[in-house]
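Heads up, there are several structures right after this.
In the two complexes that follow, subunit A is the common piece, with subunit B as its partner first and subunit C second.
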Partner chain A sequence: MAAPRALTEFIAEANEILEVLGRELLVLEEAGASDPDPDRLNAVFRAAHSLKGLASMFGLETIARLAHRAEDLLDALRLGKTPLNQQLVDALSQTIDVLQIMLGEASRGEDSAESREQAEILGAELQRVALGTPGDAIDVLDQVGIDPQVRAVFTEFEEHRLRENVKKGVGLWKVRAVFSLDDFDTRLSQLNGRLKPLGEVISTLPSSQPGDDSSIAFDLIFGSARPEAEVEASLTEGAVLSPLTSQPLAALPPPPPPPAPKRRVPAWDDVSSGTGSAFAPGPFPSAPSTVMRIAPAPVETSLRSLTNTVRVDIGRLDGLMNSIGELLLIRSNIERIAEAARQVAGPSLPKLWGQELQREARALERRLDELQKGVLDVRMVPLGQVFDKLARLMRRLVRESGKDVMFEVSGGDVELDKLIVEELSDPLMHLLRNALDHGAERPEERLKQGKAGRATIGLFARQQGNHVIIEVRDDGAGLDEARIREVAVDRGIVTREQTEEMERRDLLNLVFQAGFSTRRDVSELSGRGVGLDVVKTNLQRLSGLIDITSRRHEGTTFTLTLPLTLAIIRALMVAVSGRTYAIPLNAVLEIVSVKTGELRTIERREVIEVRGQTMPFIRLARVFGLPEEQRAMHYVVIVGLAQQRLGLAIDELIGQQDIVTKPLSGRLRDIPGVSGATELGDRRAVLVLDIGALMEELLRPQASLEPRTAG
Partner chain B sequence: MSSQFAALLDRFFYRPDEAVGPFLESAPESDRGAEAVPDETPEEFLAFVLDTETYAVPIGAVREILKVTVVTEIPRAKKNLIGLINVRGEMLPLYDVKMRLRLADTAPVVRASKDVGRAARVLLLKDLEGDAGILVDRVEGVVKLQLSRLEEAPELGIDRNAIAGLGRRDHQLYILLDVEQALS
Partner chain C sequence: MLASPAVSTLRKVLIVEDSGATRELLRSALETIEVVEVHMAVSGFDALKVLPRHRFELIITDINMPDINGLELINFVKKNPHYRDTPLFVVTTEGREQDRDRGLQLGANEYVVKPFDPARISELVRRYLKL
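On to the complex of A and B.
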């Protein structure tokens, strides 16, 4: 059996293939049936083909079989034998979903009967779509390349006979016979009589290129499995044999794999090799060679992988990142030694060495910076990876919901740390489901409100400095403030008095509280017991923020703000009661100093005023229960998320530094207000503050700010 | 297709002398199930001192022994958590077990090596929930104890959940620490 590692790589590659497949399918669908881009079609076909090959290599027969069916269908589509229609796109996108499920199972070593059955049903469906309607058979005739003018005069029966002959795969000939007007009837029946034993005279037509005045020309369309020479020999005088081709070979789709009829009509295989020569240079690829039949795709390309990328486990990149972090520490140690040496009094050798060492340390720093950036770049992947999956999901959900919704996506090319992108798919899916389920109204209702009947749900991403902003926007019903207030009070999340003091924004944000859901009935789409609070928690884990804006009857927008990367962040190092803490710089708005006399209190809580805005003044030492010093002046780090502001009082500013945040292991996961730790030059662990969680904790309506002192 | 392929590979690489059947019978574990015999192989434990008592943990549970360097205190953490230590880039918790064992009323404040005795060490223990260090006053060394001769801790009227049993060797009492319990 295949080694687990190889299987993992297969799963990764197969997933990539499915992603490509899904993306191209969407493009094809958007372009509509009018004019599918042949390159696209080929790309999709190749993707399905590689998947089939890979799957069967790993003994995943169910996946291989389904991929095979998809390949057949795509092949038919590519060769223009099956029209691109809704039914086809639906079947294929369902196939992608099922394949993804099965891949997931395979990666866990499972193989559920349910998905196998689903694959079976889908396989049959794909086959049905591929066989299609009669339209498909006309395409077979297109392949033969009969002059359309000639075909126009065929009767339906003749056309049917011709089709049958094509399917049998016999050679098709045009016999042009020129007979004198005097005895053409006898001579024609004579010719017919001689041809009959060799095959079938499909049609006898007066030639479109008549002979001279005294003669009449006929075109006989003749199908025969016999070699050319034999047919030629049977001809009577005045008859000329030519292959029934009006199209040059080159007009056919270029790749040589045997077309779908080969699979649909097994008989083709049986006879084609015998008559291949008779048909050349006919439009069919004559008698596929044995090699071709085993591997019906371009052999030389299928051996190479689709892209020249190296797939790397993110854990290895983390390892590299850690090594770089260590190198940076060593560099700062060298710098320190160099500095010490340089301080040596008088012109001495160590002093010179110190200078030299310092120069080298700086060069090292530059290189390390490059290395760090390089590794970070490698971790970045386009959001499109998730957006494509979501677009496919939305398509399905919209169809199932029966609502009329347009789904817009932009910003799929914005890049984010791989870890973040992975973690984003669930929260985004939840928000989109919410938008569809709770936001978008039914067309009747929309029209009543004077809105366009078709609702729009959008998923947009853009980069803004060191952040990526993702918006999930709908133009639906909007959030009902009164209802939110009622529910929040009902569930005991806040008191009525509190809601009366709350700003609109804070009120809306109550929907993120655990146990909040305004919908009474549980819907099939989004009522799965997972609330927006989970979305928020997930985002906080990514050091991200979520904000909500909504107008009644105009729509709702969820705005997600995420850091570009989690691996290395720039942090502000501060000291509180002799302890050092790191505050991620992306949360820091500014740093001010205030005199103790400038502090005011509101309901005994300390506040400061910065540029006309009053905000809570929180002594970090007090929050952390550390001994506090009496001081006349405070440094205040103003941190902010969305519209919320908070001033954190600290004792000392140490400086800015790039830090590699390390998560705290299992037992330390639930330390409040701390997102991880990093190490400084002296190997000391320094806690990284989780500003989002701290603000949440300190600004919560019922948050108690009782002073806590060191125990 | 692949199973055929795998079978082919198997046949190709298989050598009859790789068959392990005959060896299994003489393998050391195969007499398992018999009652503990007098010549039982003793297990190795790492013995250490907490206050005035000597404790021990199975040597397999110990990842390494470290000197106390810098410890970062964690605000608002559980009382028995002394702080965070940096073990070659890995951030691990350092716990106090004396409180759990009623050897002390409060956890010590340790921020650097000067806060502990010269003999004090960190025992890094392997644990499913994530490796963790415990602060000990001194490491005694490796001691061999026979599993079959371990005693249960006597009823002392106090919670002794963190004690897995007692071992004796040459008049020295070893209190076996239940690591999982001691850290909770």
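On to the complex of A and C.
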């Protein structure tokens, strides 16, 4: 029924809705059963409601049906017909997972029987959870005497909120405020901001002011336990307070006692609901969780978004528009100068024009800088987009693992290029799973070692200059050095002699080698066949770096260092044997010159010493198989990522330049040590060095330095 | 504050809907009618801002929206002498009978349930615009 473009838009929107659902659900879960925030409940309900509507518009019946069940449950929840408990949160959390899977299928035009079946099972579960106690027989709203005209515009939810306020016995008010049409939205949100701390704004009713077309009136229906004087004092200018009900609330029958916590026997007899699990009970009066075992959604699903859209704050686009306006201005200036120049006869141009042109060129440069920064800004999205999904996944994995683990997250507001954020989700998921699977010990074991029974796994992000540092930290068992050595030698990754010379840090880094795995068993949680080597490769593709620190019995920390953005980078242009290469400036630490006589050889490798630090010396000409000149002195670009250092010998420094890296295609794609190509102003293509990959290649224990042809 | 009577011969229709994808679907349904000029508002508030700026000949609104809901918007429109006679359709998801009944009581002219058939929407619009 719908055009492809509309489908893409649907997938993007549906995806956003699911993200909101997931996030809000987490908040609700954390807040626990005590008086959940009605706005939040309504937001979650609205999300499910919109998803249902959307999916049915696009003929995705299975999604629509499951979303409908979720909506019904959330409707019952927000209308107070069903309690908020662990069972409900679990069922919904699983629903989100399944919906995400189905959405992924829909985006590829698929529709698997497996997910349909899961949707069926979950739908039934949602329905079961939703069966709550029926509402009150007598409607208190009928008794308080509310203007039927006002009541007629309430949605069912607003009526419910009003009813709840009546039951609480708080004061009900009508706040009438008249605002100019020009700025009513800001004025109204000011008023809302004043009122919210004092109670609940149940509804906002707009109405016209007869005979006045330039203003608009609002009636805010407001419930508050505070005395009238205090509410009155909080109002903004021009707002008037009056009682909402014609009957004094005191005349009402006393509110019914709060309903006793309901405990229902799950329909699905779950013999193993305990599993001896030491997972700390959630903040809810715990009902046995049956949901988790009915249909474990595949854990192997990727957490990547289904779409490539970026939601942009309009302010950022305004900034871009401004820059473009300025650029147009510069263009017309240049045109004017050109026109003036054209009309002057004679071979020489007045010096004045040269100066003017120079000024315009400078202005142009400034504006282009702005524009570039602006576009980069637009690409930035908060890491929270991925962290939220990971948090949800972790909650589930922790519960399934039967371990007692606290999961901490911080730094979700750190922003990174959308492309990088997307690519990060899988590696992070893998590292977190590793931490849970191999790091966190069972409580008995922890207590034996004198540690707290509950393990902690953390996911932290922070910005540091042009980089973002992400840490995956656990306070678990730590890596077993002896075992790493044994395995690495066993698998032929290094020789025993080599391991003996290795520092602890290098030894730990062996776990990133392809074919390495200290796992004695393949757990259901950790992916099969995918090791840390893949995580490392993924990160290198992002010009990122991964590092481990670990102490036996104290824990392990994986530190990921990532550039803020991939799109445009500042590079150092260098010449090697007559060819030009670009070295990303963020990896360049310093440039030194070294006399050939100062080179030393250790283990058949050339090294240099810079201020007491010894580091490998690599002749780029040799790496790329280019002819090499004999010289007495070398320029050396010292590059580094994390703690690794490398000196790259070059012939000539050309300068710094902003470059846009484009991926290589075809047979060029597999050149090691090259991340892409860039075009210089004179249309010449230049290869961009991939420092991470070069280090990986060249610093490997058995690295071969055989010449390769490229460049 | 009201815009001067339309100079253009285009017939202006306002869509109030917070879901972007649904908005697009409604718009493409309406744009099959040549003389219709589609305006869009993403919330009830937004609609209140847009309303006085044009003389709309038809309003299509969702019910469940943040800030002010569709019922409140209908009530506002149908009580305002300037807009009172403008036909108004409610387009919303099935299953909320109470909201539907209230919408009709408040003066909505048509009630369309999602998933809707775009052809039906454009047919209804034609009928109300007497095309």
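In the analysis below, the second predicted complex is superposed on the first by the 480 of 711 C-alpha atoms of A that agree within 3 Å, B and C clash if a C-alpha of one lies under 4 Å from a C-alpha of the other, contacts with A are read in each partner's own complex, and residues count from 1 in each chain.
By our rule, contacts are C-beta pairs under 8 Å (C-beta built on N, C-alpha and C of every residue); 3 or more make two chains touch, one makes a residue touch a chain.
Here the structure is a predicted model, which is why all the values come from computation and not from measurement.
A.B. asks: Given the touch rule stated above, what does A:P672 touch, subunit B (first), subunit C (second), both, or neither?
C.D. replies: In the superposition, A:P672 contacts subunit B only.
A.B. asks: Between subunit B (first) and subunit C (second), which does A:E481 come into contact with in this model arrangement: first, second, both, or neither?
C.D. replies: neither
A.B. asks: Going by the contact rule set out at the top, does A:D404 touch subunit B (first), subunit C (second), both, or neither?
C.D. replies: neither
A.B. asks: For A:S56, decide between first (touching subunit B), second (touching subunit C), both and neither.
C.D. replies: A:S56 contacts both subunit B and subunit C.
A.B. asks: Should A:E628 be classified as contacting the first partner (subunit B), the second (subunit C), both, or neither?
C.D. replies: Neither: A:E628 stays clear of subunit B and subunit C.
A.B. asks: Should A:G325 be classified as contacting the first partner (subunit B), the second (subunit C), both, or neither?
C.D. replies: A:G325: touches subunit B, not subunit C.
A.B. asks: If you stack the two complexes on chain A, which partner ends up touching A:V686: first (subunit B), second (subunit C), both, or neither?
C.D. replies: first
A.B. asks: Touching subunit B in one complex and subunit C in the other: list those residues of subunit A.
C.D. replies: Correct list for subunit A: 1-2, 56-59.
A.B. asks: Help me check something: in the complex, which residues belonging to subunit A touch subunit B?
C.D. replies: Interface residues on subunit A, with respect to subunit B: 1-2, 56-59, 322, 325-326, 579, 623-626, 662-668, 671-674, 676-677, 679, 682-687.
A.B. asks: Taking the complex as given, what residues does subunit A use to touch subunit C?
C.D. replies: The contact residues of subunit A facing subunit C are 1-3, 6, 9-10, 13-14, 46, 49-50, 52-54, 56-59, 64, 68, 152-156, 158, 181, 184-185, 188, 203-208, 210, 213-214, 216.
A.B. asks: Quick check: in the complex, which residue numbers of subunit C touch subunit A?
C.D. replies: Result: residues 1-2, 18-22, 24-25, 28, 44-45, 48-49, 52, 63-64, 66-69, 71-76, 79-82, 92-93, 95-96, 98-99, 102, 105-106, 114-116, 118 of subunit C touch subunit A.
A.B. asks: Quick check: in the complex, which residue numbers of subunit B touch subunit A?
C.D. replies: 1-3, 6, 69-70, 72-77, 81, 84-86, 89-93, 129-132, 183
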